[in-house]
Amino acid sequence: MIERFHPASFPPVAVPLSHATKAGDFVFVSGQVATTADGGVLLGDFEAEVNLVLDNVEAVLAAAGARVDQIVKIGAFLSNATLFAQFNEVYARRFGAAPPARTTVVLAFGRGDIRVEVEAIAYVGQ
Amino acid sequence: MIERFHPASFPPVAVPLSHATKAGDFVFVSGQVATTADGGVLLGDFEAEVNLVLDNVEAVLAAAGARVDQIVKIGAFLSNATLFAQFNEVYARRFGAAPPARTTVVLAFGRGDIRVEVEAIAYVGQ
Amino acid sequence: MIERFHPASFPPVAVPLSHATKAGDFVFVSGQVATTADGGVLLGDFEAEVNLVLDNVEAVLAAAGARVDQIVKIGAFLSNATLFAQFNEVYARRFGAAPPARTTVVLAFGRGDIRVEVEAIAYVGQ
């Protein structure tokens, strides 16, 4: 059985996706950007953008009954290599001493003003 | 035990990959492009390209005994941000009201004329 | 329970990640580049770079108690489409007749001189 989740606090999805699916002991979180509750995207300060993206990942996990410390794999996407150092700084504060596996690459997004997107796989088994 | 699958209708693989692997209750589908039965790639109309890519994902899943409604995660790759709206339109018609989790980003491919590639993870447990 | 792994032979991680996580019957390997034991990155000959990347994937898997033939999915990232043919040639020699599912795309990295990165999911169940 596959379950699908959308945080109640999120705006309606603008694209055909479920924010999370749960199957077996794994939760798959769609790539999250810095979407705000009113459906906009937070721009401006990059640290705030990263924090909101990670808040959104956390909210999606919570909707699926999962926690950040259950993440086993992160895919992180940046719009520019110059953002790596600051991204890692913010990210390290959020994930602490036992971070998940991660792949981080530079590419582009559907909107030219987005600078960071993060997807996740979490494990909710014992 | 890991099983590997290639649809009988597909041309021989041009690169060293299995079109799908099955392990435990999960099926992993290699990134599919708009490959035709004769080994070419469908170019021209973008909607037709997207549909053939999704047909190929479906054929690979079928070879592994899985269905589109068992997909839990899609990775979608576009060559240009301007293709997003049309991609979503075609994609929404294929996935209906309960789509999988999805991450969609803009990047490049091994061939400069390919505009879309899609990979998938499906869950075949109970 | 989630386990985290770092090969003893690797330099300390420069970014906040675990080289591998193990959860249930799956091992998730972080994107590996051609990092050398002294913390540098191998540049120059592309075939040597690909081989070191795949050596690193193998070392991370070994730290998690897994083998290359247990890989079910590879994500391969190249900095330039012109590298595809040579990448496939080296890769085919390493993976033999029963390769995993794979998605290979062209994008950029945190460092402008890196040409290849590889991530993996392995299955260690029965």
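Chains here go by letter, A, B and C, matching the order in which they are written, and residues are numbered from 1 within each.
FYI, a residue touches a chain if its C-beta (ideal position, glycine included) is under 8 Å from a C-beta of that chain, and two chains touch if they have at least 3 such contacts.
Please read all numbers here as calculations on a predicted model, not as lab measurements.
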| item | value |
| --- | --- |
| Arrangement of touching chains [line / ring / star / complete / other] | complete |
| Turning angle required so that subunit A lies on subunit B, C-alpha fit (0 to 180°, nearest 5) | 120 |
| Centroid spacing, where centroids are CA-atom means, of subunit A and subunit C in whole angstrom | 23 |
| Set of subunit A residues in contact with two or more other chains | 24, 26, 107, 121 |
| Subunit B partner contacts - residues on subunit C that touch it in the complex | 24-26, 69-70, 72-74, 81, 84, 88, 91-92, 95, 98-107, 121, 123, 125-126 |
| Residue numbers on subunit C that touch subunit A, as the complex places them | 1-2, 4, 15-21, 23-24, 26, 28-31, 75, 77, 107-112, 117, 119, 121 |
